[in-house]
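The following blocks contain the structures, represented as structure tokens.
Next, two complexes with chain A in common: one pairs it with chain B, the other with chain C.
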Partner chain A sequence: MIEHLKQKYLEEAHDLLLELEKTLLLLEENPADSEGVEVAFRVMHTLKGSSGMFGYQQVSELVHLLENGYDTIRTNKQAVPLSLLELSLESVDHIRLLLTEDTTNTPATEGAHRLLLKRAAELLYEMPAPEDERAMPAAPAGKSLRTWAIFFAPQQDMLKNGSNPLYLLEELAGFGGFRSFSCTGQLPPLTELDVQQCYLSWMLLLATEAPEGDIRDVFMFVEELCQLQLEPLGEGDLLADLKEEQLTALADKIALALDKESFAAYVRELKTTTAQVKPVVSPETAQETTAQLASGVKEKSVTSIRVASDKLDDLMNLVSELVANQERLSLLAELSMMPELAGVAEEIEKITRQLRDKTFDICLVPIGSLLTRFKRLVRDLSQELGKNIAFEAEGMDTELDKNVIDSLSDCLVHILRNCIDHGLEAEAERIAKGKNPQGTILLKAFNSGTNVVIEIKDDGRGISSEKVRNKAVEKGLIRPDQVLTEKESLELILMPGFSTAQSITSVSGRGVGLDVVKKKIKELRGEVSIASKVGQGATITIALPLTISIIDGLLVRVADTDYVLPLSFVEKSYSVTPADLLNTKNNQLILDGEPVIYFNLAEAFSAGSLSNNAFGVVIHTGTMRMALLVDEIIGEYQAVLKPLGKFYQEQDFLSGGSLMGDGTVALVLDPQKLIQEITKNRTIDI
Partner chain B sequence: MAKSILVVDDSETIREAVSFTLENAQYQVQKAVDGEDALQILEKGQFQLVITDLHMPRLDGIGLIKAIRAKPEHQFTPILFLTTESQASRKEEARAAGATGWIVKPFVPEKLVGVVQKLIR
Partner chain C sequence: MSKVAEQTINSFLSFKLDRETFGVNVNKVIEILEVPHITKIPKSPAFMRGVINLRGTVLPVVDARLKFGLKEIADSVNTCIIVFNIQVAKEQVMVGALVDAVQEVFDMDESQLMPPPSIGGKFRTDFIRGMARNEDDFVMMLDVDKIFASEEIINLQQEVEAVKA
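Let's turn to the complex of A and B:
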């Protein structure tokens, strides 16, 4: 049970740290942002509380010190000193470490911890103590003078817990203009009076700039021991405007008041009296409150729940299983010739499809969820390397499967590191080149067809294809005489064993190259490509499929084997006979009056010759169209993708396998790779 | 004459922090390490306010509050207890035992003095 709660705490703590980090980075851009300070303070406060509770005393003590700092800033309405932001960010990292190390720390962590504590203490010592808000000469904007009516009726035995109502009244009097009227209606005759009881209640008028919360705080210890009612009478100091005789008349009436009801009646009366003096609420304030109300409503309507990610994985697996079995049911229903069964199967198919789509949707996470991590990275690295870098992000609400996001994160970090370390020049060098002294990295994500495209673009040195090529030759990655296009040369840097860095730096040169990125993206069935202009910068583009586990496909048969073509690539199907192929040139078929390159799958997979009534399925990728010749088209099919065994690892044009209803395996083709493969080997025969 | 406050806490850090703050605000402070210790010290002197932790060995805060309230001379003595936000239920318990108010740990010195001033002048 405790373990379970602790897990929850850790989740919460990590979320809080992320929020804190995000806020700190925003504050760094705008240190005077009072809202940011407020958020930082609140987050720290929560973190401190829960950390103490779960035995993370070190987290608690560190956060406590920092929180005090932000509290001071908050109260004094100062800008956050950069030194404090720096320390806070370091503390965030340190706390993450503390959380992973559980409650037993290594000596190194211990040392780092003491050092942070010391620095925090020193920093706090230098900061001015919070000033008393009330003592501040001018009221800051947004705070307004208001007059309040307060009804305060202690329970008769309030004195018994050590409270003294008179002290509370004195405290209130310190808030501003103050009038008190005693309600003496409950005083017993002198002979029956018990000196240990409190018989009086009070009606108070208070003109103050203090917010309602501060007024209520005065009564915090006696909340449950009294009746307390607080009502705004109007803006401004109405006490000054009320005439003495009006007040006296009121006091006389109030003296007999016993309860809330009569208090309400007096407030109404006072309001009408004061309304003649001043409008109760000015139109501007009225508008403001409406706006606040509206935004409040909007905030409340967005609700979400937290679900452990392995639960989502389970759900996804179940849906996959369901889809596979539903496909099997549909096939069986078709064979059974039972119209009723076919109806049920169709209905189940419809529901399964919806369930599948919803489940996909649940598992989608916006790329923006990684943004804080990237911002932090850029910030830290650019400081470390002394470069001036602006980081911009676009399309951060683009969504991807959460598993893809998880794997993607490391890749992007790697690319960003490369950009900052190798791509972007130091400020002096940029100035010498006549460039904007500040380098820019743009992270951009968008949807393109069934892909999500992520671009990382910098305006640095760029990559010289010639240099890359020379290096690749030097490393023995290509033959000196090998002919490569500009793009192919550039993409050599994605090969294992390639690194263009002049020297190994701590930032991106630990012998791990961009080939790791390529490998990871490939595992996600994605593509990496590079474009660059020397002197102007480089763009690395990653294209990823939206989801990785289920695809809508067209089931086709070549010889005895079933293949799945992702439906999103399929354009049209034509009937093709072997006779059609007899008089073709350059492997081109004329379909609908247009020449289309065809590819005979049966031939390619050594599966014999084409059947007599075959089909040409026209597939298209961004730039290419191609007809794949197959023996049979079976129909639409939802393929649950499973990875293939090691014998297929080298087969790029296969995305995976899918288990069919009858237990056989259908191979899922990757049209993009297939077209690449074919066009690469095709020799033009004139 | 300066007002006297009894500070009760088993943690030396907190005890010293509270005492230091109050002494700076011109109060006289005596310290006790737990409930039992506090009751003995109360016998020997006059105090206008007691500030106590809730978790202590031997006699804990709740027990101490009840014991103080049971003494006729301390029927109306204000008692503050130290708490954290996460201890809402303990707060209720302490109030029921007769505590006057509370101070949320951790606190800034200004806040501590502010709360004390609510109860004694």
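Let's turn to the complex of A and C:
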């Protein structure tokens, strides 16, 4: 149980760190952004609390110091000093380290930890002390005693979340004069009472010097688990002014019923009784603050939940199964000639389609979720290397399957490192070349057909194909007399054992190079390509298929097996008779007066000879155009792609399988890989 | 399934391949299927019969006869697919095995298993966990994890003879 909770804490902590990092990077651009400071403070506060609770004392002590810093800035409405941002970012990294169990207690991390604490303490010392009175714009200047009425109604399941309202009340009582009135109206008879539920709500009166923020902070961890309303009753300690009889009468009323409306009524009542004695805060100000608070709460209510990816995979499987069965049902309904059944089948088809689309949608994650990591990387590296670099991102809402995003992240980091280290010049060099002193890296993602394309473009030195070629010859990767196109030469840098860096820096060039990227992308069934103009920059393009995807395909049959050809590759189809093939040269068919290389799938797949009424499907892969000969064309088909699994990894010309309406499996072809496979073992007849 | 279950289940499923009877622990078996339409995968070894649709997932099917170096025969009414849950490189993978016929589930204590005799390294006996006597029949107990993790054809005939000798 504890392990389970701890796991949850760790997940949450990582999320918080990510949010903090994002906020810090934004603050760096605009240090005076008070909203950003507020967010940073809140995130730190939450992190501190939960870290302490799960025994990560080192985390909580470090965050505590930083939090104090942001609190000061928050109350003084200052800009955040860059030194603090720097320290905070380093701390984020350090905390990530602390959260990975096994590194916690090594002497190195201990040392780093003490150093960070010391620096944080020093920084704090230099900062001006918080001035509470400026914290509350609504409050008049000067520290003064105010009386608050607080409505606090926990949700019934608050106790299950490990929060105890009693502690919160005790903490509040510590602020000053305190009276609590509980409402017991919701309490069920003893026989129906569930001891794990909280049935009580409270109206609290508090006379304190503490600002509103401090009172709210008490409820910080239960914000989402309760209804909370703060209402100023007036200046000074009004508790002393209230007569005991009045309070008892109030307590009796509250005991019976307490909700937002009655709370407001009680507050009005108290105000009128105390009004003769003290002035009341103008109603407009009160309204304004509540309106602000209400909008703040609204923003937060866009909720999301965490789901284990296994569960999503299960859901995916079930939905695909449903789709297959629904197709079967539609087919049967059509054959049955029963109008009622046809109606039901149609309705189910509609619902199934919606369900399927929603499920696909759930499994997709926008590339933008990686953005913070990249921004941070560019920032840190450009500082380390003393380069002036702007990082731009486009199309960050382009979505990819979650698993693909995870593997992609490392690849993109690797490429970005290369851009920053090797690609972009230092400022002086850029000025000398007459370029904009600030280098630019553009990360761009977009959908193209059934692919998602990701481009990383820099405006640096560019890659010289000649240099690459010479280096490859030197390293023995190619023969000196080998003829290569410009593109092929450039792509030599993706080969294992190639590294163009003149000297090895701490950033990149450790021998493992872009070949790792190529391998990883290939595992995702994607492609990497490079384009460059010397002096103007380089572009690395990654094209990835959407793994969990519906492929719009053309269903064809070869012998007794169904194949799906992605429609995006299909150009045209023709009827082909044995006579057409009789007098062909160099495997070329004349279609519409043009020669097209053809390829007999039945032969290639050892599936016997082609039927007499065969078809040629012309496909186009960007570089190649060829006709695939098949026995039959069945029609258009939406294929839900399923992996073929471990046992069929060798057959990479198949993207996967797709379940058909009749319960069989059709194979989805990857035309690009298929052509590679075909041309691989072929010699050219001259 | 947890390790505890693996230790305590002493039930075995026996099936026929050619003239021999083989057994596997039932905790490795998920279900037994009739032979549906199997989609052949081009350019794959002959013992890989293809894939079928198992309630929404694509299940690879291995022809046990060919995998064990036996002669190919036409499928009969008794031919069926045993779906195994096996462990390959620390991963749980499902695979179907086409066998001539399934026979029965019988209980036997693991300790009654006769270990394969060591036979001077002439034949590998990794794939057979031992031999058991079920009524009048000898049953070869198979280690399905190892069998399906290997990508080659296993000459089981030689193994069987080695064990029997």
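Here is the rule we use: the second predicted complex is superposed on the first by the 360 of 686 C-alpha atoms of A that agree within 3 Å, B and C clash if a C-alpha of one lies under 4 Å from a C-alpha of the other, contacts with A are read in each partner's own complex, and residues count from 1 in each chain.
Here is the rule we go by: contacts are C-beta pairs under 8 Å (C-beta built on N, C-alpha and C of every residue); 3 or more make two chains touch, one makes a residue touch a chain.
Fair warning: this is a prediction, and the values are worked out from it, not measured in the lab.
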Return first, second, both or neither, reflecting whether A:Asp71 touches chain B, chain C, both chains, or no partner chain. first
Who does A:Ala604 touch here: chain B (first), chain C (second), both, or neither? second
Contacts for A:Asn164 in the overlay, against chain B (first) and chain C (second): which applies, first, second, both or neither? first
Go through the superposed model and pick first if A:Phe647 touches only chain B, second if only chain C, both, or neither. second
Does the superposition put A:Asp592 against chain B (first), chain C (second), both, or neither? neither
Chain A residues touched by each partner, larger count belonging to chain B or chain C: C
Let me test your reading of the model: by the given contact rule, A:Phe221 touches which partner, first (chain B), second (chain C), both or neither? first
Looking at A:Val665 after the superposition, I want to know if it touches chain B, chain C, both of them or none. Which is it: first, second, both, neither? second
Report the residues of chain C in contact with chain A in the complex, numbered from low to high. 36-37, 39-44, 48, 51-53, 55-58, 60, 62, 88, 91, 93, 95
Sites on chain A touched by chain C in the complex: 317-318, 320-321, 324, 560-562, 604-607, 642-648, 650-651, 653-654, 656-657, 659-660, 663-667, 677
In their shared complex, chain A is touched by residues of chain B numbered 75-79, 84-86, 95, 98-102, 106, 108, 110, 117-121
Touching residues on chain A, where the partner in the complex is chain B: 48-50, 52-53, 64, 68, 71, 129-130, 159-164, 167-168, 170-171, 196, 218, 220-221, 224
